[in-house]
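Got a structure for you, questions after.
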Amino acid sequence: MIKVAQLGAGRMGAIHARNAAAHPRLGLVGLVDPRPDVAGPLATELGATPMTFEAVLADPDIRGVIVASSTDAHLDNALSALRAGKIVFCEKPLDLDLARLLAASGELEQAEGKLFVAFNRRFDPHYRALKARIESGEIGALESLHIINHDPATPPPAFIPTSGGLFKDFTIHDFDLAPWLMGEKPVQVFAWASCLIDPEIGRLGDVDTAKVVLTTASGRLCMISNSRRSGYGYDQRIEAFGSKGAVRVDNLTNTAVSVWGETGAQADRFPYAFIDRYAGAYAAEMDHFADVLAGKTAPEAGFAASVASLELAEAAARSAATGAPVRL
Amino acid sequence: MIKVAQLGAGRMGAIHARNAAAHPRLGLVGLVDPRPDVAGPLATELGATPMTFEAVLADPDIRGVIVASSTDAHLDNALSALRAGKIVFCEKPLDLDLARLLAASGELEQAEGKLFVAFNRRFDPHYRALKARIESGEIGALESLHIINHDPATPPPAFIPTSGGLFKDFTIHDFDLAPWLMGEKPVQVFAWASCLIDPEIGRLGDVDTAKVVLTTASGRLCMISNSRRSGYGYDQRIEAFGSKGAVRVDNLTNTAVSVWGETGAQADRFPYAFIDRYAGAYAAEMDHFADVLAGKTAPEAGFAASVASLELAEAAARSAATGAPVRL
Amino acid sequence: MIKVAQLGAGRMGAIHARNAAAHPRLGLVGLVDPRPDVAGPLATELGATPMTFEAVLADPDIRGVIVASSTDAHLDNALSALRAGKIVFCEKPLDLDLARLLAASGELEQAEGKLFVAFNRRFDPHYRALKARIESGEIGALESLHIINHDPATPPPAFIPTSGGLFKDFTIHDFDLAPWLMGEKPVQVFAWASCLIDPEIGRLGDVDTAKVVLTTASGRLCMISNSRRSGYGYDQRIEAFGSKGAVRVDNLTNTAVSVWGETGAQADRFPYAFIDRYAGAYAAEMDHFADVLAGKTAPEAGFAASVASLELAEAAARSAATGAPVRL
Amino acid sequence: MIKVAQLGAGRMGAIHARNAAAHPRLGLVGLVDPRPDVAGPLATELGATPMTFEAVLADPDIRGVIVASSTDAHLDNALSALRAGKIVFCEKPLDLDLARLLAASGELEQAEGKLFVAFNRRFDPHYRALKARIESGEIGALESLHIINHDPATPPPAFIPTSGGLFKDFTIHDFDLAPWLMGEKPVQVFAWASCLIDPEIGRLGDVDTAKVVLTTASGRLCMISNSRRSGYGYDQRIEAFGSKGAVRVDNLTNTAVSVWGETGAQADRFPYAFIDRYAGAYAAEMDHFADVLAGKTAPEAGFAASVASLELAEAAARSAATGAPVRL
C-alpha cells in the first residue's frame, strides 16, 4: 500500500478521496480541509485521519498528495507538495491564469514526471477506445473532429466570477481532448459565443453558448459546441472523420431500458451530469496515479498540457471578443 | 402495357388498384365492384372503367385479373378467372377453409404458374434482405427464428366471426414466413393462446394473444408471438439465429426524427398499421405480378403456399384447443 | 391532368421526368433535349414526345415547364418559359452567378409566384418533420443548429470548374436549410476550408472540406460540416438545440436489417447518395409543383431563396479566402 | 465493519471475495479453500487470512459466511454455517437436486431470514429498472414476457455431467426472473429442446438450444429462448408487453463507440460473458448482503426461490423429454 493524503473534501474532493480509499494499491491516510465539519465525516467514512497540510508535507511515509482544494489554491498546494518531494495528483486546472502558470514554469518543468494534472476525460473508457480506434487506422487519416459538450444546467451565478469564464472553465476539457485525439496542436482558433441562456451570466461578463473551430498546421479541423444548459442532460459526444470512415462516441443512457408507448420508443435518460457520466474516468485516473506513484508510467498530463489547453482557452476568449480568428 | 382488371374496390382493393394504375408496365382498364358508390370514385381517380366480372372474363385484351373481393369470394373468383385464361393475382387468403381448398386442388395445381397468391410480407424489402443474408451464410447454419407480429389495435368485433380466427387471419402471415425463411417445413406446432385483451373476442370464440413454437425435422425452432393490440403501433420484428451470429429486422419509424428531452431520447413512432408498414411490399408484389404476366418469373406463392400456411393455422388452433403439440 | 413539358433528360432530368409522369395530376407530354439518344429512350419509357423548346413555348396546352437543363442554361430557360406564360419548376441553382441573378431581378421578382426553384431538401419528409417539431415549441426557443452534410465520394475533377465551387455547389443546400429551419437570416458567416481529400480539387482552385459558422441577429448559431467524401456513404444529419431540449434527424439506413456477429452489431448501410436519400423529396417537390400549377399554393422557394443562399455561399467563399468572418 | 469469511476462491469466489473486500461496510477476514495455491494469492491480494471452515464457524466475530464452494457443497456448507449462527450468502444454486433440497426444508424454512441465495440477475440495475417500470403501471397490465438468454460459447464438455443440464444450470436464471417480473407463478411449462450446437453435449445426455413457454393462472405468457452459443457474445434481453405498451432491456455494449465504414454502422461488441455483463449485479448483491447482515432488509431470495426455480427446471426437462406441456 502506497500512502497518500488529500487536500480538499468538497464535491470533487469526495470523489477522489473515495476512489483513493477504495484503490487496492493506495492507502488514504490523511485528509486536509480547513472546514472540520466537511473533513471529519469524510475522514471517518474512509478511515483516514484529518491532518494539517504541514503534517502531510512533513510525513516521509506519505508519498503522494492529491490536490483537490479550491481552484485558486491548486498551484500553490501542488508546488508545496512537489518541494516536499511528494508525487502530486492535481485536480484540474493547475491554475486559471496563464501568466501565473508560466511564471512557475522553471519549477514545474523540472517536476514534469512528478505532477499529474487530472484531465478526467482522457481517462474515460469510451474516449480511450475512440483514440485507440483513430490510431488503429481503421478510419484512415483523420481529417475532422466534432465535439459536443453541453452541460445539463447553468451553474449558480455566484460561481461565474471565479470560474475563469466559459472557455477556461468548461471548454478547457475540449481544448485538452482535441489535440490529444488529433495528435496535432491547433494553430488557429475561431470562437463565436453568445449569452443565450441566462442573462445573469451575461451581466457577469461571461457567455453560455459557444461554437469553436480549431485548425491545425496540416489542415485538420475541429468543431466544438458548448452550451451551459441542454434541457435533456449531459451531452457528451465526439465524432472523428477520416479518409475511410468515421468513429464516434455517443451519449450513454442510465440503463438499457426503453419504453414503447403511444408516442414512440423512449430510451432511458442520459447520465445527468459529470459525476455520473465520468465516474469511471475518475476511478481510472486514480488508478493511473497509483501507477505513477509505483514508477510504472509517466503522468498522462501535467504542466505542458495545462499550458496548452489554457493557451487555447485564452485565444478563444480573444477570438470571441474580437470576432476574428486568433493564430497561436 | 399489359391490360389488367380488378375485382373489389374496398380498403385492400384501393391499395392494389392504385399500385396497378401507377405501374409503368400495367394498365388498369377495368374495376369490378357491386357497390357503384365504391367502384365509381376509384375508377375515376385511376382512369379505369367500371365493368362487370363477366365483361372482364370475356375481354381477350385483359390478360390479368386482380382478385381483391371479399375473402369468401376469393377462391370462386380466382377459379373463374383462371378458367377464362387469365393470369390471376389473388389477395390472401385464397380461402379460409382447408377442405374447400383441397377440393379444388386438381384445378389449382394445374394453374400453379398462373395463380399468384399475394402473401405481402415476402415482398417487404426488409424481409427479403433478411432472407438473402440468412442464405448468404454469414450467420452460419440457421437454428432459430423469432417472429414478433403484434397488431396495434383489436379489430371490430363484427370482423371476428368471418375472420377465420387469430391463427387463420393473422398468424397466417407468420406461418407463411417461417418456412420461407427457414428453408424447411415445420413438422410440429405448439400453440398457447389466451383472450387477454378484449373479452368480446373471447365471447365470439376467438383468442387475441398467442405464442407458437414450430419445430422442423432437422431440429430448427421458430417462436412466434402474436397480439391483437400492442399499445404502441404495429410491432413487426424477425430475428434469425445461426451458428455464427444473428440477423434481424427491427421495427421501422415514421421518420428519422428523435427528440431529446427531460424524460429521455424519444424516437418517432413505428408505422401504425399494415397499410403504412407494408406499403413498399404491396407495390413490390404488383411489380412481381407484372413480371409473372410478362412471363419473366413464376409466381412467388400460389396454391401450395396457401395450403401449407393453412395447415399450420389449423394445427395451431387444434394445439391451442387441446393444450398439446400437434404433429403434421 | 395538367400538361407539362421538361427540358433536360440527364441524371436529374430523368428523376424529375419520371416523377412528373407518375404523378396522378400531371401529364408529361413533351421532353426537350438536344441529344436525341438521351431524350428518345426516356420519352419512350414515359410516353412523352420529344419536342423542341420552341414548340413547348408555343403550345398553349402546356402549362408547366420543368427546367432540368445544364446549370448554365437554367436562368435563360426559366426566363423564356416565364415570358411565354408558363409556370416553371427550375432545378436548383437558378444560376451560379449572383450578379447575373440580380441583373434579372426585376423580371424574376415579378414572376415570384410562377417560379419554383426546387431546393429538394425542404421537401424531405424528415426535415419537414424536424421543422414542424422546432416550430411546435417542444424544444423551447431554438438556439443552435448543427448540419452535417458529407458526400460519399468526390465528384470527377472535370465537374469542378463548372460547379461553382464547394460553397455554391454543395453547401448551398445548407445555406438554404439553415434560415428555413432557424426562421431567421444569418448576419455573419465564418468559413474555414481545406483541400484534404483530393489534391486535384485543390489544383483546380477548389476545396473539399469545410466548417462554417453562421450567426443571426438574435444570436442563434449554426454550424455546418461539409466533406466531399465520407468513406461510409451519404451523411445527412441535422440537430436543433433549444432551451428545453433537442430535436434531430439521424441518417437513414437502406433497410431495418442488422447483423450481430463476432465484431459487434452492424446496421445496414446508409443510403449511398442523394438519389437514394432524397427520392422521397424529389417526388414531394413534383407534388408541390402540381399544387402550384393548380393554384393551391405559392412556390415554396423561388428567386428570393436563390439569392439568399447564393449570398451566403459567396460570403463563405470570401471568408474562407481571407480567414476572417464576413458580415452580410 | 461487519466481519465476513468466504468459502471458495475459484472463478465465482474471486468475484464475490473482491466485492466483499471492497465493500465499505464489510471486512473480509477469512478465506477458506482446500487448494492453498488458489486461496493464498487471493487472500494476499485482499488482505484476508486463509482459514479452515471450522475456524470460521468457531469465530464469533465472523457474522457472515459467503458460500462460493463447488456447487455440490453449497447446501451442506450453508447448513453448517446457519447452524453455527451465521448469516449466509450462498452462490446459486443452493442445490441441483430438488428432493435433497426439500429434505432440508424444515431447517431451511426456519433460516429463511438468514439465508440469501444469490440469484444475481435480480440485482442487475437494468432488470431492476425494468421491474420498477412494469410495476409503475406505465405499460398497463402485464400480459407477456419474452426472455432471450443466449450464452456466447458452449461450456467445456467436462462441465456438462455435473451441471444439472441446461434447464437447471442455465434456464434456472429465467425461471427465477419470470415470476419475479410477472408477479405471478407459472402453472404450466412447455419446453422444446434440441442439441443443435455441439454433438458432444448430446452424447452426454444434455441439450444446448431450448424454447420454453410458461403460462400463469391469469393467462400471462412467458417465452424463453436459450442457446449455449450465440456467435456474437452474451445475449441478455427481456421484453415485457402490457395493455398500453412495452418496456424492454436491450443488450449493453462494451463502450459507446461505433464505427461508420463501407459496410455500415457498427456498434461496439456486447459484453462477452456473465462476468462482464453482470459485474454491477454481483457488486449489488454483496451490498444487499451487507444490508441483510445489518438487519436492514430480508434476503431478496432464499430457500423458497430456490425451490420454485428448480421445480420449473425439472418440469421443463420433463416437458422436453415427453414433448407435452407439464402442469405444476
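In order of appearance the chains are A, B, C and D, and numbering begins at 1 in each one.
Basically, a residue touches a chain if its C-beta (ideal position, glycine included) is under 8 Å from a C-beta of that chain, and two chains touch if they have at least 3 such contacts.
This one's a predicted model, so the numbers in the text were calculated from it and none came from an experiment.
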Proportion of interface numbers common to chain A and chain B (over half same, under half different): same
Farthest chain relative to chain C (centres taken as mean CA coordinates): D
CA centroid of chain A to CA centroid of chain C, Å: 42
Whole-Å gap between the CA centroids of chain A and chain B: 57
Euclidean distance of C-alpha centroids - chain A vs chain D, Å: 39
Sites on chain B at which at least two other chains make contact: 139, 230-232, 235, 244-246, 251, 260-262, 268
Touching residues on chain C, where the partner in the complex is chain D: 230-233, 235, 251, 253, 260-270
Residues of chain C touching chain B in the complex: 22, 24, 45, 125-126, 129-130, 133, 138-139, 244-252, 254-262, 268
In the complex, chain D residues that touch chain B: 139-140, 143-144, 146, 150, 188, 190, 192, 194-197, 209, 211, 213, 215, 219-221, 223, 225, 227, 229-232, 235, 241-246, 323-325
